[in-house]
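What follows is a pair of complexes built around chain A, which joins chain B in one and chain C in the other.
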Partner chain A sequence: MKRFLTTAASVALATALSVGGALAQSQGGTLVQITQPEPPNLAPYVSTSGPIAQVTSKVFDGLLEYDFNLQPQPSLANSWEVSPDGLTITFNLRDDVVFHDGTPLTSEDVRFTVMDVLKQAHPRGIATFRNVTAVETPDPHTVIFRLDAPAPYIMMALASSESPILPKHVYGEGDIRAHPKANEPVGSGPFKFVEWRRGEIVRLDRNEDYWRDGQPFLDRIVVRFIADASTRTAVLEQGEAHVAGFGAVPYQDVKRLEALDTIEVTTRGYEMISPIVEMIFNTKEPPFDNAKVRQAVNYAIDRQFVIDNVWFGYGTPASGPISSNFEPSGLFGRGIDFSVPDRIDIANRLLDEAGFPRGADGVRFEITHDVTPYGEEWQRFGEITVQNLAEIGIKATIRYEDLPSWLARTYTDYGFQLTSNFLFNQADPVIGVHRGIHSDRILPGTVFVNGSRWSSPETDALMDAATVATDPAARSASYQALVPLVTEASPVAYVLELNYPTVLSTQFADVITGPLGIYGNYAFAHKR
Partner chain B sequence: MKNASIGSYILRRLLQTVPVILGVVIVNFLLLQLAPGDLATVIAGEAGGATPEYIAELRARFGQDQPLYVQLLNYMGNLLTFDLGYSFRQSAPVLDLLLDRLGPTLLLMGATLVVSLSLGIVLGLLAALWVKTWKDHLISVTAVLLYATPLFWVGLMLVLIFAVKLDWFPTSGMEDVVAFHEGWDRVWDIAHHMVLPTVTLSVFYLALYARLMRASMLEQRGLDYVTTAKAKGLTDAQITRRHVFRNALLPVVTMAGVQTGSLLGGSVVVEAVFAWPGLGQLAYQSLFARDYNLLLGIFFLSAILVVVVNLLVDILYVILDPRIRLG
Partner chain C sequence: MKSFNARFYGNPRVYLGLIWLAAVVIVAVFAGVFAPRDPFAIVGQPFLPPGSEGFLLGTDSLGRNVMAGLIHGARTTLMIAVLSTVAAVAFGTVLGALAGYYGGIVDDILMRLTEFFQTIPWFLFAIVLVAILSPSAMNLVIAIAVVSWPPIARVVRAEVMAVKAREFVQAAVVAGQRDMGILFGQILPNTLSPLIVTGSLMVATAILIESALSFLGLGAPGQMSWGFMIGAGRSFLRDAWWLVTVPGVVILLTVLAINLIGEGLNDALNPRLADL
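Right, the complex of A and B next:
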């Protein structure tokens, strides 16, 4: 009888685990992750600095998780329903979730997080939850969002990395923007925060009371901060660390590490991030106030050469402002193909038409090309751009500044002519794409918005329609129409979709299990 | 009597440092204002964008909406109560951040000072004793080579050889972050991790001190008091040990005091290569984030460190050379 019970229990456990997407795994092991740079704090609810969520996504849960097709999956919310008019979203919460301090999660925690924290103080949340007028909590495990206009992108912004659910009894006290727990996060995720030794490590230990029974499999996650790129490579090579992504390892070193038996490399796990390498034109000043000149530059850039030689193959030519990662959800659109074989001839013809003939020395005009201060790749990209532009008679000089100076130049003073830039599409075009081209995002002093200051009533209308459309087909149609118009006006040259490589030790499996990759919670990660 | 005079000397010297440190703070505060961009833009930049209201609110919280002189007066006022302010980017009081990093920095600096001074002095001494022989040439040429080699390159090469190829030492960090050792195991572990960064940071100063010590020894040996000592009938070994060595140390000790500041600067590079959690890395990060509260705190602490080390050097003078009076 006893044996039967044990067997039944283990069968039940195995079933539970396989439902969760994994077979029974051995418990134990410490996974060391390299995060670069060190996060400024561990408060993802007020700061969206990239490295923060690489750490805190293991500590906090979101209402939802997502699969590789960008479809919502249950997490804290067991099930959910969006009303046909898009004005009501109902979530049913799990009833077995406890925070790391032992207090159960209730609907009030969700209301507090959305209304009092994310909508007030989260840099992106202010925009994402703009249309949420109230969050109702009819019972401890039901949450109802009330909206004054449909906002379909909210359903894409509920992962831990974007909208972490906080315990109200901890974060409800005091100023949320300078909270004592800002660097000692308390959540409900698979790992508990233990300590942060600044400049060195963050230590996260297994949460014994995690709501996914038997998980996580790892005993511990240690996140290391190593400022020098060559040292990061050496540490991975030596097996002193097991996972690193988001360009933490120099691209040329990725190729070398990939050849080792102990290391594998994947480009999956960035499908909800979709980084795009681009160049912004200052469309308010000559020569780039002329669409033909902007198109000519677009044709001149040798995208494949940049991908092969700067990003060592980890990229795909961009075909407009929207990443091809949105192809499964139908939101992807294709614009003018600037990579045609006779692109240099077309570019030269466009510049002739625009009234910029070549001088005696073959130069049509001179410009200064600003380079995004994100490291060596960007400098090399700038150098290639200079050569590409020389082919069509534009003489460019590179200017390289530090980040605060460059941000002020590009988004406050508009003191640039042509600058490279790096924007993430994020989980939805409304969140990541509109900001670069919509007229209501021409905001001096606000960074990573519409720095080209170009817009048109037609494209604005298409984006506004896509923002409130509840029917996926209607959204798709809006974006299909938008993208060709944007590439024709070319306020921005969309150069390539960057496919970040993640370097992984073969000692561990199931580390990258969804479209958020390193922003995932590692609940399924285990030692082989 | 002598103790009392040392006591009052130290007190007087400490009082003299107050205007120095005030000057450091004011000059740095004003210099930092010249850099384009500010913390609010950087925070919004890291966030990948934010609303204008959010950025304006950040500036108000940082006190950046106030006139410059008000900001400076506020800062100085807080400094009097040893309140170094709050780092909004790191969401922590500046003093806590500094104290966390001070330990590793002092450890690395102290070890480097001991290694580079002792080895430098010994090598310089030997070179002077073996002057114009092949051994002297070997030491001198090596010293010049080490002096001329960039720190980061030395660091990376040491990692490549002793960590990656030979696997004798860990590549980086201050301790084993998988094992989390306790007690003496931890002390041993940290010492093991310290070897490569200490060697890297030491080679430059070692070369400097060795060359200085050699020159100083040779100079002292030619002075009149050595002739006198010889005339008294002392052996060469006695003269070197009792007279020349002590006098030759003075310039080296002076240089060691002056170099403390640059030791802090050099540690930025070494800390980056070896992921050592010290003040240098913190300074580097906060500069590029325009985190002025934190940066000013680091300048303040570094100024105090340099002043204290130089005070110690001055006291050491008196012990080495009784002719120097406290005055």
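Right, the complex of A and C next:
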């Protein structure tokens, strides 16, 4: 972890230097990014499908950007101030921003985006901006958010990928959910949308009037869509494409690409996404209604073997529901360490205590293990789980289903016993973590919420306190207390933090400059 | 004219086929003796190449013994192939026999039904069936049998229609035998030779279908099979060639062996064709 901090610090320094030396960078070059799969639309303000913002984060700006320590940085907002009671947030906008059609940005565009679009139609924005009762625009370059309760996580949700600022004169006309410009985005970002050839590419050209003078350095970004995994690898290997992330390249191929001189691999740029691989227990039915049984399974999982052989080293053992990416912001907590050397003995003892003795054949009980249907890694993870559970006398049978069946089984019918799963922590635990363990997120029919149906008044209270606390120390204390309680009850086995590899061509530098990685705007990217 | 035995065993290609198939069957039957451990057990370092110590054919991406996988895979693959063929032959024979013997409206109804099944692309149909029924050994047998029976029904129907006109059948009718007695006692035994040939070749097809379904991830979960091994290994083709090659060659040889035997049977049972 120390190493991570030093890396983050040196990156921050490097970014600062490159900002200082901005004009010294050479102009020109076309950066080819691989995005997988092809996005369904280019409307990040109404759809949170992953690939969309990999494209549109270059076209739209957000009010803020973030550094690797998850601290807000200026973007469209030059400066900002949160009142001590957390009920008022004031942003001062830059006065030199124009949209791609030449119209200047004003505070009214921000008001429209937040109140009329994100709060109404953005799948996560509805929750993020729930407490925002009004957005006031005292002058064209001042925006004031009025809240009815503190919501400190709003300050983490203002990047272009999450809350893109739209020009009101374009998107204010017509139905925002089916807008004519949905696939021809108009923003104020460093690159202008030019064309989208379906199944092939999106082309973005340099915005000459970008507010960062002299930037961006690249002439063009081409986003390519290639359905076949081995072709994606080959294209990167040949230097025909220059950047790909988010599992677009199979993990075992990343190792081979990394060995090439023309390619570098980084796992930075996912600090505001923080995917966690986990297994959900059905805590309402035997045998997993017993916390000792759930803990035993937690101990049985050979996390390092899974990391090494399924995700080929691109992971670290998870220490609870909250990713270690939150360590710099103080929101990280450490729970029970399930990877101790005598973990199998502990697991066996727990199962004995729980009243599940081994039968004559060494089997304590049988279960069905559902595998989340997101591809081959998950099947391999399931096969390892079966072997790990056999060691402690649990005979598991794997069940593979299609995505709709699995979603219904896990989040609607609760017809599972133990299933693997995959959740993003997102930019703040309130957004990404609470949904998995809070009692108010036990919502049959809503996917990726609390499928274990476990909760306790104590943990609910800690999360509620962290939601409204404006003092970072108080939030930190809440999460420090929460995590041990959650791992103790083990409604979910948190297996590993997935560190997605991003494959980059060495022809380009400063492509990944922040915690959003390929969801960044590439304003600083340049040819070496 | 030479006897069946002489014609069948005198064929060197049949010999080769029988030797390989016998070896596979013995391995499948005694899988637990040859490889006592669970083939899914993680027993070594991942990606050990063939010839590594203790692993004649190497290990796969999770450190499972490829040899143990092949041995237990033989059992799964053969069992599913044989059971589905038996089911398809039984169903197809009954349908074809009834259609051929009774003719008329019965024939029309049964043959339209057969044609209905024949018009559906058989592999897509098998995928759909397994997807609907959910993957399991039993459902694989059902899916393969459902897509395999129509040719059997057609062969049997044609044979029954030909044999029905023969004198000994008319004699049985005159002697007052019941329909079922004539059909199953007199006619069907005389249609066996094409049925045996078609059936034996069908085992080979069933192995291919089972492997293809397993390759697509629709195989019986928790049961090692050759198709599953190829499917699991295909992502690592450039890093570990043996994961795909070894089971691929085994499938090839087994299907080839069954085809050789099937052809040998054909030649032996239809000596007039063989002499042409």
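The working rule: the second predicted complex is superposed on the first by the 505 of 528 C-alpha atoms of A that agree within 3 Å, B and C clash if a C-alpha of one lies under 4 Å from a C-alpha of the other, contacts with A are read in each partner's own complex, and residues count from 1 in each chain.
Methods note: contacts are C-beta pairs under 8 Å (C-beta built on N, C-alpha and C of every residue); 3 or more make two chains touch, one makes a residue touch a chain.
In this text the structure is predicted, and so the values were computed from the model without any measurement.
J.: Sharing chain A, do chain B and chain C clash or fit in the superposition?
T.: Fit.
J.: Check the contacts made with chain A and report whether chain B or chain C touches more of its residues.
T.: Higher number of touched chain A residues: B.
J.: Just to be sure I read the superposition right, which of the two partners does A:G50 touch: chain B = first, chain C = second, or both, or neither?
T.: So A:G50 only meets chain B here.
J.: Regarding the shared-chain residue A:R256, is it in contact with chain B (first), chain C (second), both, or neither?
T.: second
J.: With both complexes overlaid on chain A, does A:F448 touch chain B (first), chain C (second), both or neither?
T.: first
J.: Rounding to a multiple of 10°, what is the angle at chain A's Cα centre between the Cα centres of chain B and chain C in the superposition?
T.: Approximately 40 degrees at the chain A centre.
J.: Who does A:R198 touch here: chain B (first), chain C (second), both, or neither?
T.: After superposing on A, A:R198 lies in contact with chain B but is clear of chain C.
J.: After the superposition on A, what does A:I384 contact: first (chain B), second (chain C), both or neither?
T.: second
J.: Between chain B and chain C, whom does A:T397 touch in the aligned arrangement: first, second, both, or neither?
T.: Touch partner of A:T397: chain C, not chain B.
J.: Between chain B and chain C, what is the shortest CA distance in the superposition, whole Å?
T.: Superposition on chain A places chain B and chain C at a least C-alpha distance of 8 Å.
J.: From the superposed pair, tell me which chain A residues show up as contacts to chain B and also as contacts to chain C.
T.: On chain A, the overlap between the chain B and chain C contacts is residues 401-402.
J.: With touch defined as at the start, can you tell me which chain A residues reach chain B in the complex?
T.: By the definition above, chain A touches chain B via 30, 32, 37-38, 40-41, 43, 47-50, 121, 123-124, 126-127, 177-179, 182-183, 197-201, 203, 222, 224-228, 230-231, 234-235, 237-238, 240, 401-409, 411-412, 423-424, 426, 435, 443, 445-449.
J.: Across the complex, what residues on chain C touch chain A?
T.: It comes out as residues 38, 40-42, 46, 61-63, 131, 134-135, 217, 221-222, 232, 235-236, 238-239.
J.: In the complex, go through chain B and note every residue touching chain A.
T.: 35-38, 41-55, 61, 86, 88-92, 97, 100-101, 104, 152, 156, 159-160, 163-164, 167, 170-174, 177-178, 180, 271-278, 281-282, 284-285, 288-290
J.: Which of the residues in chain A come into contact with chain C in the complex?
T.: So the residues of chain A in touch with chain C come to 229, 250, 252, 256, 305, 309, 376, 379-380, 383-384, 386-387, 390, 397-402.
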